[in-house]
Amino acid sequence: MSQSIAANPDRLLPADPGTRSIARSLLERVQDLPIISPHGHVDAAVIEHNTPFPDPAALLVSPDHYVTRLIHASGVSLDRLRAGSATDSREIWRTFVQAWPLFDGTASGYWLRTQFESVFTLGADLGEMSADASYDAIAAKLREPDFRPRQLFKDFNIEVLATTDDPLDNLASHRALADDPSFNGRVLPTFRPDAYLNIAHPSWSANIERLIEAAGDGATGYSGYLQALENRRRYFVDHGAVSADHGVLTPATLKLDAAEAEQIFELARAGKASAQDRNTFEAHMMYQMARMSVEDGLVMTIHPGSFRNHHQPTFDAYGADTGHDIPFATNYTEAIRPLLQDFGTAKDFHLVLFTLDETVFSRELAPLAGFYPSVYLGAPWWFLDAPDAMLRFRSAVTETTGFSRSSGFIDDTRAFCSIPARHDASRRIEASFLARLVAEHRVSEDRAHELIVDVVDSSPRRVFKL
Amino acid sequence: MSQSIAANPDRLLPADPGTRSIARSLLERVQDLPIISPHGHVDAAVIEHNTPFPDPAALLVSPDHYVTRLIHASGVSLDRLRAGSATDSREIWRTFVQAWPLFDGTASGYWLRTQFESVFTLGADLGEMSADASYDAIAAKLREPDFRPRQLFKDFNIEVLATTDDPLDNLASHRALADDPSFNGRVLPTFRPDAYLNIAHPSWSANIERLIEAAGDGATGYSGYLQALENRRRYFVDHGAVSADHGVLTPATLKLDAAEAEQIFELARAGKASAQDRNTFEAHMMYQMARMSVEDGLVMTIHPGSFRNHHQPTFDAYGADTGHDIPFATNYTEAIRPLLQDFGTAKDFHLVLFTLDETVFSRELAPLAGFYPSVYLGAPWWFLDAPDAMLRFRSAVTETTGFSRSSGFIDDTRAFCSIPARHDASRRIEASFLARLVAEHRVSEDRAHELIVDVVDSSPRRVFKL
Amino acid sequence: MSQSIAANPDRLLPADPGTRSIARSLLERVQDLPIISPHGHVDAAVIEHNTPFPDPAALLVSPDHYVTRLIHASGVSLDRLRAGSATDSREIWRTFVQAWPLFDGTASGYWLRTQFESVFTLGADLGEMSADASYDAIAAKLREPDFRPRQLFKDFNIEVLATTDDPLDNLASHRALADDPSFNGRVLPTFRPDAYLNIAHPSWSANIERLIEAAGDGATGYSGYLQALENRRRYFVDHGAVSADHGVLTPATLKLDAAEAEQIFELARAGKASAQDRNTFEAHMMYQMARMSVEDGLVMTIHPGSFRNHHQPTFDAYGADTGHDIPFATNYTEAIRPLLQDFGTAKDFHLVLFTLDETVFSRELAPLAGFYPSVYLGAPWWFLDAPDAMLRFRSAVTETTGFSRSSGFIDDTRAFCSIPARHDASRRIEASFLARLVAEHRVSEDRAHELIVDVVDSSPRRVFKL
């Protein structure tokens, strides 16, 4: 092959030559801007301790359930793909390379290919090398001192990286990084209390007892619980957090009075809550989280609509995050209304709404974000953070809300080395979308040069209060 | 800037040069055809009395909740945007001009920019002038005698303009215009009985008492109510009305027997109807409206799926139509069935179905319109009456139903000066869609020249019996 | 017209010259591959007996409810379009030709036009000839010996053609064709038990009594019923069947214990089952069908989400398949879960999921097929088996699941002469989609040449175990 497609400077840009040329020039404007990643799942300790990355399979295959799921779909047991199994890393890598053709056309394939090209400089497509050759080439890179997390953080031009953390995490790594004069990036914690709000969570009871004990200021029961949540949020704010994230089944919100809430809370504590109670309590706690966000300033982000761990036997054998979280239909308009009635116009309240159901982009989210000062459109997420889907998102929301109401790109990843590829893809798509509007004389080219900076750089800073 | 994008003759046309050239030629075929606007919200009295338009802010900003909502989302209180508030018009205009960059890429921005260019001939983009300069330039135009409604009606090449009217309106303005030999346009009333059919409407009780009193032919109760509706529809027909429009929560329809209907009617009159009763009665009245349409020939149009006045505090402070009507999921297939069982093939019955939920375009509306002789596809409406959304509509429905089953463009606007911009945008999109089919050898170019005339001109005449 | 659009070698290919040129080369790679049609509705007896096709109207108009529905929508009574009515064939054909302009832009129009050009070699568009001239030209062709089904089967380059059959069909035609040394194609039966599983089906009771009698091995009641279904599936397998197809209201699945199932079964037999029972039993039987598929290897295909016979008066007058099967919203994630819990990773189980609701492509089906080894994406079906809709499908699913998880094209047709046009259209769309990915440097051109063979040829062989 004359040139790797991953190295092509025009990759992801529109085919029409006139539009592509506009897109190129827009892309140039933002290509070297720093990466701002306000939501993701990298482990702060890895950066604190500058832990060397493990072998290629343990870095790129085993922990990435977007990669393992598609290989699993082709009939390969997860046993053969998971670290800690009988299979060794090189064997996992061989299995992955054999499955590599499955990834053509996928977002995961794009990110991987871009990493192989620009981070690991393999120089050829994975399919053109032997599995052992690519394994050895990447493994060699991983042993180089420049391939430690802190150097990559710098090389990747990351300015802000948010992690996702348990409310009782002591955030020692975040503190250490903030206090380290030799580290210039910002690694910020994110408050993620799902396992303390969802009473059906297997460890909810244990979690809340620990929470109340640790931070309830001596109060017990429901009021101690609320107090502890408020205190831990403060703790996060004090350690640099800018947002609280909520993975919920639906975006339902509800204001219960304290007595009603307390009653469900105690039922749940006694193990007697029904499925209806679970939904009611989560909806109420979303309302409470909004109230607290108004008070402490944490941006509130909501990720609803995923049926987690769809295949029980796989969950039983391998646990969560093993590739079978399946989206379902989401409806925001009525569900989010109780929250917005009371906080939709609250000063400095920022509420970022995500969806895995594309139908709400034009139908509900754009109209909501086009009226409520608090509401921002979450960038396309899981399965939708791909070129065509990101273009569908822009097409669906822009005519109603313009460019000012979206969150900026969210990589949402635990795959540290994929971060530049993901942000690069997003910038190419923003350039492509804007280039079409310019080519169709819907936005002037001068203005498009301002807008692309706004969506890539200013939006995440503004929305996440960075 | 060398040339304003609003003045570009190729605006909204596809970027591919070959397709654009076909689109240009199709557009030329229809660019000078008269405007037919079978559904909108202009006030007939303004045309009757040829009332001069007020100042720029009171014409273009304050009454247009598609404009104010987006400025509101950016954090500006509606107080600062509404006529009659402490703020004067020039101050409102300054606020608007400051917010103008928010509108890039939006449909509202496109219509405004086109008006500034072609109606007010500003000669520069709003962002390139001071707010006072643009205010003064537009205000000066508004004082010119040629800027009175009747002259603009003529200059805009409007042939038919339908208004939206209360069933008890005496339609004096419509009558006066019809009788005025110096006025050549057609200004037609539209029967809009929502506030008489929805028993949850705050003034329903008062409305129906007035209705029965005025037109019940002496009958009382439910039968007087039906009689009065029939009579007022006749009155509208006699004053030129061609359609009756229905803004409903859902497209549910239901045939109650007279006793059941009467029972709910009396419960509602006594203030004792439940939410369920409200839905049942509205569904039943949709059935009744269809029956009356079959009898009196008024085209029936249905606009479902909007959660009106989503933010109660804003509604309490500023009333309806203040930017927070938020769509939600709509399902037509089962809901509309009772009506279609009895009237779906009724002679000369025309039923135009609109949606704010794009998912029903391909799934339900195109299949319904592709079988029932009565069913026509309402053009993309609110939030969807924008270039990309209109293309998605055509793409979603055409492969199933072709071009013969759609209503033609509906501007649905109260912003009189935006009417040419809206129809022009629609024609450009129809040309763009057809040009792609020609370029892909799916429709011959000769046939496309016929089809564009059909969709722009013949469809609205045929569907709305003009 | 210089050249018929149906004869244009670039028809359906993208307008952008660079992308089109890639698409052309990809199309060339697959244009001459044999047709594999794993699901459709051709009558095997017609091929067995090599029955001459009847006249043009009886071949192309009357039996095709995708054609008659759109003419019906234009106000023509079905009486004037149906064989066996007072109207003769030539009169039906004249009505059809008069309505021909309605089909511009539709999938049905495209298939018809392609047939007129390439099967019947009319040499001009239908609209450019008199109705009688086209009738006579086609009728003359139909009298030629080369226009008999077996010769066309060969000329169309059909390798595999699956029919859809009643479980009690003796499959004599399939057997005869398999045993006929002069016939080289494969004509395979498909097990379609809807009328034996849906207890609301008007002839369910009679059907199951016949079934149990014929194949229950002497057992009676529910166990005889299950046994008979298993036996008939075996019979189909022995006669070459590779799949069992299920037209269901929703994709609900449920595992009842035998006692619960038997109870509903007996209630239904006694005519006392409720609507809820109907749904429960169908869901349970979908579970049972999956169990049997795991055991006997038949690929399981599910077609949910159609409201059959929407217009009761038309159904009463003309029966089923008369153009008013209307889709509605479908949700797979929770519905299909009980089945997937137990069989989602079962060895060699293939489950092909279809939808008439596009929203589940990206939201549910791609994520399901991207994890479960059993799940395959059904190709776009009814109303969605059209160029733009097929492109939307590829765009919606590929970024999540790549190319390996789809069924390959399904023509699902009873219109034998349209089969080549349908497969040709699909190949053109696959080439168009892949060409865009190549032009955007997302897939290499070499790889695209492999992928198009995979999606056109290898996928249906792999998924349907051919």
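Letters A, B and C mark the chains in the order given here, with residues in each chain numbered from 1 onward.
Here is the rule we use: contacts are C-beta pairs under 8 Å (C-beta built on N, C-alpha and C of every residue); 3 or more make two chains touch, one makes a residue touch a chain.
Remember, predicted model here, so these are calculated numbers, not experimental data.
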Could you work out how many touching-chain steps separate chain B from chain C at minimum? 1
Is the contact between copies chain A and chain B built from the same residues on both sides or from different ones, judged by whether over half of the numbers are shared? different
When the C-alpha atoms of chain A and chain B are each averaged to a single point, how far apart are the two points in Å? 39
On chain B, where are the residues touching two or more other chains? 14, 16, 329, 359
The residues of chain B that touch chain A in their complex are 1, 5, 8, 10-17, 69-70, 72-75, 101-107, 109-110, 125, 307, 310-314, 323-329, 356-359, 383-384, 386-389, 392
Can you list the residues on chain C that touch chain A in the complex? 16, 18-19, 329, 331, 333-334, 337, 340-341, 344-345, 359, 362-364, 366-373, 375, 395-396, 398-405, 436-437, 439-444, 446-447, 450-451
